[in-house]
Amino acid sequence: MFSAALVAILVTMALALARALLGPTVYDRILAVNMFGTATVLLIAVLGFFTGRPDFLDIALVYALINFIGTVAVLKFLRYGDLGRAGGKEGEI
Amino acid sequence: MAHAISLALVLYGLWLLLSGHYEPLLLGFGVLSCALVVAIALRMDVVDKEGHPVHLGWRALAYWPWLLLEIAKSNIDVARRVLHPALPISPTLVRVKASQSSDLGQVIYANSITLTPGTVSIELEDGMIDVHALTGETAAALEAGEMNRRILAMMGEA
Amino acid sequence: MITPHLPVLQVVLPLLAAPVCVLLRNGRLAWLLALVVGWVSLLIAVLLLVRVLDGPPLSYAIGGWAPPWGIEYRIDRLNAFLLVIVATIDAVVLVYARASVEREIDPDRVYLFYAAFLLCFTGLLGIAATGDAFNLFVFLEISSLSSYALIAMGRDRRALTAAYQYLIMGTIGATFILIGVGLAYMVTGTLNMADMADRLVGLTGNRTVRVAFAFLTVGLSLKLALFPLHLWLPNAYAYAPSTVTAFLAATATKVSVYALLRFTFSIFGADVAFEVLPLDLILPPLAILAMFVGSLVAIFQDDVKRMLAYSSVAQIGYIVLGISFASLDGLTAGIVHLFNHALTKGGLFLALGCVFYRLGSVRLEDMRGLGRRMPLAMAAFVAGGLGLIGVPLTAGFVSKWYLVVAALENGWWPVAVLVLASSLLALVYVWRVVEVVYFQPAPRERGEVREAPLSMVLPTWVLIGASVYFGVDTSVTVGVARAAAALLLQVTPGAGP
Amino acid sequence: MGVVVDLASWALLLVGSAFAVTGGIGVVRLPDFYTRLHGAGVTDTLGAGLILAGLMLQAGFTLVTVKLILILVFVFFTGPTATHALAKAAMGSGLKPLLHPEGRRPSNI
Amino acid sequence: MIGDALGLYNYWIVIVLMMVGFYVVISRGNLVKKIVGLNIFQTSVFVLYISMGWVEGGTAPILAPGVELYSNPLPHVLILTAIVVGVATTALGLALVVRIREAYGTIEEDEIHRQDEPT
Amino acid sequence: MRHHVVLRVVAKLLIPLILLFALYVQFHGDYGPGGGFQAGVIFASAFILYAIIFGLPIARQVARPGVVRALVALGLLLYAGVGVAGLLLGGNYLDYSVLAANPVSGQHLGILLVEFGVGTTVAAVMVAIFFSFAGRGR
Amino acid sequence: MSPETTVAAAPLLPLVGAVLIWLAGRRPNLREGVTLVTAGLLFLAVASLLPTVLAGGRPAAVWLELLPGLAIAFRVEPLGMLFALVASLLWIPNSVYSIGYMRAHREEHQTRFYVCFAVALACAVGVAFAANLLTLFLFYEMLTLSTYPLVTHAGTQAAMRSGRLYLGILIGTSIGFFLLAILWTYAAAGTLDFRPEGLLGGVDPGLLPVLLALYVFGIGKAAVMPFHRWLPAAMVAPTPVSALLHAVAVVKAGVFAVLKVVVYVFGLDLMQAAHPGDWLIWLAAFTILAASLVALGKDNLKARLAYSTISQLSYVVLGALLATTAGIVGGGMQILMHAFGKITLFFCAGAIIIATHKENVSEMRGVGRTMPFTMFAFLLGSLSVIGLPPFGGSWSKWYLMLGALDAGRLALVAVLMASSLLNIAYLLPVVVRSYFPGGEAAASPARLAEAPLACVVPALFTGAACLALFLYPDPFYRLLLQLVAP
């Protein structure tokens, strides 16, 4: 049963990858990579169960975190070409 | 200050939940860790109603089941359309009013919209949310305002 | 109580001092700390050398894990000698550094400079002290990474590209070394050098062993800038801050040579190196090419720092040539030259740093008539230059003497001739400078130039003086080098020829 | 009890997997960037939610479940935020959505 | 089984990665590209070490006199250390590239060489 | 696209949780492999998220570059200093078993401290690198 | 002072003098006083060793042990005694002359000049007393370096060019050949100490010619063709420097080293048994004739004298390579006699430059009338260099001819005689022409216009010495005889 889930997640990753390669806009690619990341989080979680290594969950959580921060960072960089631009209290990216 | 104390308590609860080791050393580390995090959070100025919305209390708990149900329903709808050979979609842009008085309420509304597949909030500005909907029907359902009202209730404004 | 811990203190002391430098956030204090650490390190190194000269090698188990499971620091006559070299150069260069660094480095970053300097020092000492192959790689990279940073602090923007180039080539070298260590580990199941050597006995035919050694040799040749893998060196030395150039030129490549010696003779054994792999056919031609190409290119340089950098390429050729003889005299020559060249080149670059301090340039045309304005620094340069040529009564003569005698013993006539001929090339480039400095009038547009501060001239002369001293009294250097060479070849030192 | 929980967890895993793949299909099939956001949403919400819930049932009341909940909450918070940020950035860059010809236009866009 | 398969193919992966990385490093062009190439080059070694752990299995002697709590998972420590070194190198390299761009206004190798040529 | 309310609110919500999680990983590291390194990465990522969303100047006020640099150093010092403590207590360098009366708890304490040093250094280095890379413009 | 102490101190004496000269740099009188005192003391020190050496003593001293078995060490034997005597004695008149010349010319960098001069003398003494090849080599190289600033004294582009040639050839040959030969010797013999019986007994006789050639060419200061170009190039230097190069120290160190190598490294027995020097003898003969012919064609007086020196040096090399008793004695004599003759000629040439600014032979009509003392000294020197009695030069020529005869080489005798004719042809016309009326002097009645006294007196002194050496060659002859009949 785990393997069914694994396969499904891998298929999802493949589809996301396809979109990442197809584009056509950069936003499509970011979306696809973000989705690939979500699928990776799931994969790590399931794999941890599959192999009896629940400490993988920490890694999954970290991966989710990095996925989010990465997406935000890329968006900000795309917009400003700079990650450090001041946003002030208003919170700007 | 109250927010800070409350944040510390919540964090310590989380620590206890995560740790699973209840020996003095690690409990002590937990205290130190929570204190450090609260200190940093205060320095970052993220400890307020927005950053730590404890004031919503039990009302938030009531909102979640409804949202989850909505998510499930809209998921099924989107999945059906995606898998349908004809791809029966009618993408629509609508602008809905977020009647919540606080940024927090409006953000919860915007994120709830995004969480339910079929609708994505694109812009939140001046109490108005631009929404991209996969079909005209979902747009119409959103415009009916059920979600808006429930969030108002959760924020204690209705 | 402290004595048994000397091997580890040697490395840990500068390692601890580096972060403290960052915490101090004050250039002057950071310098003072680095200086004190440098001199204490020198003391430790000398104590270690004295102990291993009298007795068996010292072994220190990090974390109390007995070798071969834990990391072992192992001090024998060879690396104790190297530790003394590195620590001496460091101690002397740091005296010099204060004035020079204040002039060349942005004041806000001086304390970071010393932190990186200490890290680099740590790495070099660690390479020498450790008895663990992987640990050696880590220290090699600590020293390399900090040298990239140090070089990039040079004033000229070309320092940045030089550091970048060095980083690329250095990392390729490091990766090769890592592969070599990994393969050796795969075959032997150990990272402890002595243990590895034991387990490699009888594996000379093993293909993985040969591949491992080949990777290590190439990687280390890159790090020690053996022709034609030297391309990173000239720019790196030319554009780094004066202090850094002097320190690195005197120590970094030498330490890599040590690593090569260690892997070749102590771990894999001369059998693998010279019989299974034709190192005796590969190294001498490269070394000789290095001698000639390095010296020839040096002749045509107008930037004296670059000139000396190319000269280093040539001098490394001499060292490698000595090693490639794989004989007692050859190794003695290589090791002695390693020491002598460290002093000489260090002193020469310090002398140039004095010039840079006053002129902001070390281009030949800017140095006209400097012999009268900066007599002490320029006299040091001449004395060091004579050492490069190998004039008698300088240290350079001693090492070349042994090199040629070793070549003649092997019956390698043409090599002996080539060594002498290449010395003539050294004469040409050194003389270019001497002529400009002493026998050409100072340019009118140049303002009044004075001698560099005593805190710079004195260390310069300490190194140059030492190189002259060890050219006159060779008993210590030759004796220790011979003992180390005998250790590597596992023979008894015997008397000199 | 054990069998029931097992069966439920298998079911959750399977259904979740199905939704995850569906989201992937949507991202490939849907015609433009904005509509694909909805497809991704399927994987992010129900796909992830059900799979993690299936795992939770497997783990029972343990530290593992706590961590799984943490992951789920995190995904639920950050997923829509990232999607929103993405959509906003795309709109800000001038990427026009493909709209249904008979679809109602919003009042003043 | 897995070990055998890995034992057969890991060297090819290592070699291909090395070649690709090395080619990217030595081909002239963008400085960032070369750093990326360097990373690929280094990755080949990580793969080598990882596969080594798999292939040789328990060769790493695990022994600690008197203490049984901490084993010595040597290959993992080695890989982790090597990766840290690699990351540090990459960070330093990129920092240099940033400063090179500030100094030269470009990160194209040819352009930099052109600017540095004596006029 | 002047204000990004959603990101701001979500970030404010998440950052304390991420920081706590980092510390959790830090202090539970010895039950899994090498906790300090991961903890450092997570801790730094919270700061980086903060800097991306609220801007570098504010982030630099929260974590002053000098302080960050000092933390790099302090972490290293802790790492190396624990080794020296072992040395002073009569063991070899990095020999933790002498740190407490009981060798096992001594090892435990040693690893805890060393991992804390590693975590501090890694976090501070990452933040320092982000600070120096971000804000240099394109 | 014991002879041993004197030996150790003799090379140091001029070095100490150099330091004092440098310290006295701002006060010319004091500076030059120090120079003269040093020169005098050095000569006394060296001369004090003569009785010991004549009595068969070989005082020795070690400065320091450089490598195991290799020391910077001194040991005075007859040949070195002779060279040291010549160098230290001639330094005195040369210093006097320098003072006159440098002041008359208002030269710059005079302190550097006197310092380098003193250092060069220290090196010459070091070369003379060297107990082994390493010491010899060391001082030989230092001699080159210390004379470089003297050669390039003018500081002009031409001077720099000449300086490069000077250094290039001397250092090049010494490192490329001389040092190689030394290392070869060391590898073969295991020692570098000079021994009366030679060191090379164990070397394959087939290789000896190669080794000998390495020595002869490696000792570039002997100016055997084709490595002679540095010497004419160096004539850009002030005249006292030319005197130093041609007579006092430099070229003499070269031919001295060749003699010393033949006697103490190869050993006369080996030389006579294996004849390693045969083809080199012909090269030396060629140099003698060719350089004389070139000299004949030079109008510039200093250039003419320079080529004359090249020719005369090969006499010594020839004598050494013959390795017969008479040949060695003749070679040693030639060092001495040519030194006095040639220094006289250069003193005169310099004096003429000072007084008339004339450098070319063709311009020297009438000089003899305005500068009669100078030209008289020139005549004395010329006759000695040619080898006519009653001048010292006749002894060396005589013994060399005897040596050639002993070796049964009549062709060499012919070469020597032909060379003497050529010497006459390029030297005497200078004297003759100078007494012809002409030049500016032709218009006005002849009146004395000599160079400063400090220039003329040394020339007369050394010219007279040429005469004296003819009458009293005995101590030198006895010294040299010790070489061949110990």
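In order of appearance the chains are A, B, C, D, E, F and G, and numbering begins at 1 in each one.
Following the convention adopted for this analysis, contacts are C-beta pairs under 8 Å (C-beta built on N, C-alpha and C of every residue); 3 or more make two chains touch, one makes a residue touch a chain.
Everything numeric in this text was worked out from a predicted model, so none of it was measured.
The minimum number of touch steps linking chain B to chain F comes to 1.
In terms of C-beta pairs in contact, C-E outnumbers the other of C-E and D-F.
Look at where the CA atoms of chain C average out and do the same for chain F: the two points lie 36 Å apart.
Computed centre separation for the pair chain A/chain B is 20 angstrom, with centres defined by C-alpha atoms.
With centres defined as mean CA coordinates, chain F is found 24 Å away from chain E. Note: centroid distance chain E to chain G, computed from Cα atoms, is 68 Å. Annotation for chain C: no residues touch two or more other chains. Residue positions of chain A with contacts to 2 or more other chains are 58, 61, 65, 68, 72, 79, 93.
Against chain A, the residues of chain D that register as touching in their complex are 10, 13-14, 16-18, 20-21, 23-25, 27-28, 33, 36-37, 40, 43-44, 47-48, 51-52, 54-55, 58-59, 63-64, 67-68, 70-71, 74-75, 78-79, 81-83, 85-86, 89-90, 92-93, 95. Those residues of chain B whose C-beta lies close enough to touch chain F in the complex are 7, 11, 14-15, 18-19, 21, 26, 29-30, 33-34, 36-38, 40-41, 43-44, 46-48, 50-53, 103-104, 106-107, 110-111, 121, 124-125.
Contact residues on chain F toward chain B in their complex (touch as defined above): 3, 5-6, 8-13, 15-17, 19-21, 23-24, 26-28, 31, 50, 54, 62.
On chain E, the positions that touch chain F within their shared complex are 66-67, 69-70, 73, 76, 80, 84, 91, 94-95, 98, 102.
Against chain D, the residues of chain A that register as touching in their complex are 1-2, 4-5, 7-9, 11-16, 18-19, 22, 25, 27-28, 30-32, 34-35, 38-39, 41-42, 45-46, 49, 54, 57-58, 60-61, 64-65, 67-68, 71-72, 75, 78-79, 93.
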